[in-house]
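Please go over the structures that come below.
What follows is a pair of complexes built around chain A, which joins chain B in one and chain C in the other.
So, the complex of A and B:
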């Protein structure tokens, strides 16, 4: 019962926690570059400022799809934390991405279309790996439910080390970090699928990004099994690794992203599954 | 509501080069570098007009880019401020009265802060932007129109349609 209450509180506070993670991340990245960096509360300042802008939208469907993107990704996190089916989690996450892609295509701006295409390519790069990881969870615990993963006494990273490496490789794609931030491509092609959103409607996408952070790091924490402190520790280490990689690499071409994720990360995860069978 | 004070805490910047020689652009990029680090004020160079608060313009407005300049300005949601960076953007500078350029940004859109210098130093740009933040906190959310090449704002389905806020040269010439 306590676990359930903790899970619900975690889900309810997920956007706030994700905002804090994002604030810490901006600070950490700045310190890695020997800069001062913004305040840790900077994402919330941005949030309040966006509330204060004059509302502007392209058309109502566009704004609606953006808000549904946020809702879908929050649902995906909720199902993950409450111990639901891992496949449902992955498909809800895919649905969220698809809503964003459709939102990007629903306006006439070519830059929005470009961002949507790149977003769809990113999904193509990481979804197969996520599915392979879910199958790995099933082969170890005998169930697709994340509750089975969270109750396993032995951390799953012992049985699935290569799948964990594969997750590390696709995490920058999901979180839109270098070298795989082709979806955002900041300063290269101006923004991603969210380029036409502004003011309160951009708020939904900005907050969805925070929830996405919580989703990504929760996936990492799942590999620790029942040991929650090990999970938090692993997520923290991965957080620093992802940001160090983000700071030290340049953006790759989308073709290289597909080659690395489908040519290295996916075979690694599948190899792990073969080892489990043997 | 008291939301005004957050405007100064997270200014997002749109940088537009209106025919500059790149001198001021390099200095703006230097502001983002670790030495000057404008991100400590919460500034991000978004490169997206719809999510920006401050329009940083460099260069005298050339004839080729004036429509784009007005278009970018019209796409920014209010409240917004315009900072003209460098002598060219403020007055036309060395390009003043030349055949292909206009004499400064304020011929086309209202300018809030002018930063002098050729090229303006990063410290001056930061001072100009911080001065602009004071103006930003005071502004209201009424639609701001460009000085020239202004289009019209229409009402459609009970909503403000600002798609034609930026007029084109053809439309302006046809009117005259």
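So, the complex of A and C:
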């Protein structure tokens, strides 16, 4: 019962927690670059500022799809935390991405379209790896439900070390971090799929990214099994690794991204599955 | 019961004969009536039919008539070869004649008393698909062909061939005798040859000839299967007997050859070009070939022999061949702009998936395959009919033109989006099929065949991701527009251009809402008939259990309806009191480049063909190995 309440509180607070993570991230990155960095609450100040802007949009369909992107990604996180079927979780997450992609295509802007195409390509790059990881969970616990993973006494990373490495490799794509941030490379596509959102409508995408953070790091924590503190510890370590990599690498183009995720990360995850059977 | 089954064959043939001479209005009325009658009959057969297969014998003369038909058809092929100077067709026809003579010779020694007909649950399932979907296509075709620029007599011929085709299909799924199966297999080849050739230009003739010789190769494989079966310990050419004896005899070559024939019909690499070429035909033909007839022979035939090949080395080769075909077809679709071409690639990919699941052959796999056969049939039919509407009403052929559609054709764009959604998203049946496939292969990977299963899983995941990517691009193009249009102008079109797709869409919605009863009452009995037993499947309230994995239909539906619903609603949501702005284009000219040319793998095509050919060779070679 306590677990359930904790889960519900976690889900309800996910956007806020994600905002904090983002604040810490900006601070950490700044320190890595020898800057002071903004306050940890800066994302929330930005949030308030966006609310003050004059509401503008291209058309309602576009704005609505953006809002639903936020709803869908929150929903995916809820199913993940409440112990739902991992395949359903991955699919919901794909749907959330799809809503953003379709939103990007729904306006007649070159940059929006380019961004959408890149966003879809990113999904194409990491989705198969996620599914391979889900199959790994299934082969270890005998169930696709994340509740089975969260009840497993032995941390899954022991059985799935290579799959964990694969997750580390695709996490920058999901979180849009260098070297795999082609989807919203602002120097190239002026913000990508998000370009035509502004003010209160951009708010939805802005907070959706915070929820995405929680989603990504929850996936990492799943590898710890029942041990929640180990999970938080792993997520923290991964957080620093991802940001260190983000700070120290330049952006690759999308072909290299596909090659690395489908050519290295996916085979790694599958190799792990083969080891499980042998 | 036998008379009902025979009427499914005879009625379309008689109507086809009448259609050749009937005046326009009478002909059109007749088509509608026949479509209704056939649908009703197939439903009655399914409802009344028991779980036991039934067979009935025919007078001896019928065998002779069938043989005469065989010879006539092969002579016609020779004629075609001379007329179009196609030596390939000629050689294959000659080869078929020689092999047929060999078969007659071999049968003479072992006169068989067995009944040529065998109608079981699988046949009834196919009757439903063939008659309901093809009936709707035929009704649609009456309007479509009216606007074709050809003589009145040719229009009559067109409808007559369509009807005849339906009869042949019904016949094909109810025979048990391989020699008859050969005749009907080539009968569908002949019908599609005529239909693809219909427009008569060079390209049509060339593509029709290609379809002909490739499918003739399938015919050769079936005749080979008969010869090997008769001259081995089997000594029979009844499919049901062969399947029964497979375990004890252990000689798999006949099955390998039947599988080759099936996979050629199913347009797997390197034989995919015949189906891609078929799109030059009038659009109802594509709808017919892709959804309910012709290519569906592939999963049907593999399901027939599934109990014999499941778990053998033969099935591993088929699984890998199909996994390869799935990925290649999905890759091929990425760089296309022609709407029908995109649909054709997705058909080939999904056929590969159906055949893959049929070859796995466990109970859940068979159910998954049946899901895909049924729902893909309906969805693909809807999409092709809409392709026809695009041609006839809007004169569009390319997906780049689709972005104007949102403004001028809200109904059509809704149907297209719905069709694509029903092909890829839950809670529609096609998704359930894929989902089951992945779960099942994951289990197989644990039990015993890790490498084959894992490779197949990877193929399904990669292929599905690519196809989903493509479908979303199409949907994105459909809703793309600049600024609000407060009052969409609805397009005007003929009632059957709107009505037939509407019926198909309603069928899809019905199948989604009633997924649990549908599975329990229609899919499960069929799977039980194919597999022999049904132990894994059970229904628990609103959840369906497949072995240890549970498909919680209602919760899943609730969650997953999100996308279709949102995409639909988003067309009607209006935010008031918000200023509208133009897009930021940074002085770049707006131009939507639809195809991902970066993903053109056409230059790899020769390699794909080579690998595909090697797979087919391997299939035959593995058939030679002992069980």
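Just so it is clear, the second predicted complex is superposed on the first by the 278 of 278 C-alpha atoms of A that agree within 3 Å, B and C clash if a C-alpha of one lies under 4 Å from a C-alpha of the other, contacts with A are read in each partner's own complex, and residues count from 1 in each chain.
Operating definition for what follows: a contact is a pair of C-beta atoms (placed from the backbone, for glycine too) under 8 Å apart; a residue touches a chain by one contact, two chains touch by 3 or more.
From a predicted model like this one, the values you see are computed outputs, not experimental measurements.
In the superposition on chain A, A:24 makes contact with neither chain B nor chain C. In the superposed model, A:230 lies in contact with neither chain B nor chain C. By the touch criterion stated above, A:56 is placed in contact with chain B and with chain C alike. In the superposed model, A:190 lies in contact with both chain B and chain C. Between chain B and chain C, C contacts the larger number of chain A residues.
In the superposed pair of complexes, A:48 makes contact with chain B only, with no contact to chain C.
Looking at the shared chain after the overlay, A:75 reaches chain C, while chain B stays out of its contact range.
When both complexes are overlaid on chain A, the residue A:35 reaches chain B alone and has no touch with chain C. In the superposition on chain A, A:131 makes contact with chain C only, not with chain B. Shared contact residues on chain A (touching chain B in one structure, chain C in the other): 54-56, 190, 195-196.
The touching residues of chain B, counted against chain A in their complex, run 1, 3-4, 6-7, 9-10, 12, 34, 37, 39-42, 45-48, 50-51, 53, 77-79, 141, 143, 162. Against chain A, in their complex, chain C makes its touches with residues 403, 425-426, 435, 438-439, 442, 445-446, 450-451, 454, 457-458, 461-462, 465-466, 468-469, 472-473, 475-477, 479-484, 548-549, 552, 556, 559-560, 562-563, 566-567, 569-571, 573-575, 577-586, 588-593, 596, 598. Of all residues in chain A, only 54-61, 63-65, 68, 71-72, 75, 79, 85, 87-88, 91-92, 94-95, 98-99, 101-102, 104-113, 116-117, 120-121, 123-124, 127-128, 131-132, 135, 138-139, 142-144, 190, 195-196, 255, 262, 266, 270, 273-274, 277-278 touch chain C in the complex they form. Those residues of chain A that touch chain B in the shared complex are 26, 30, 33-39, 42, 45-46, 48-49, 51-56, 186-187, 190-191, 195-199, 202.
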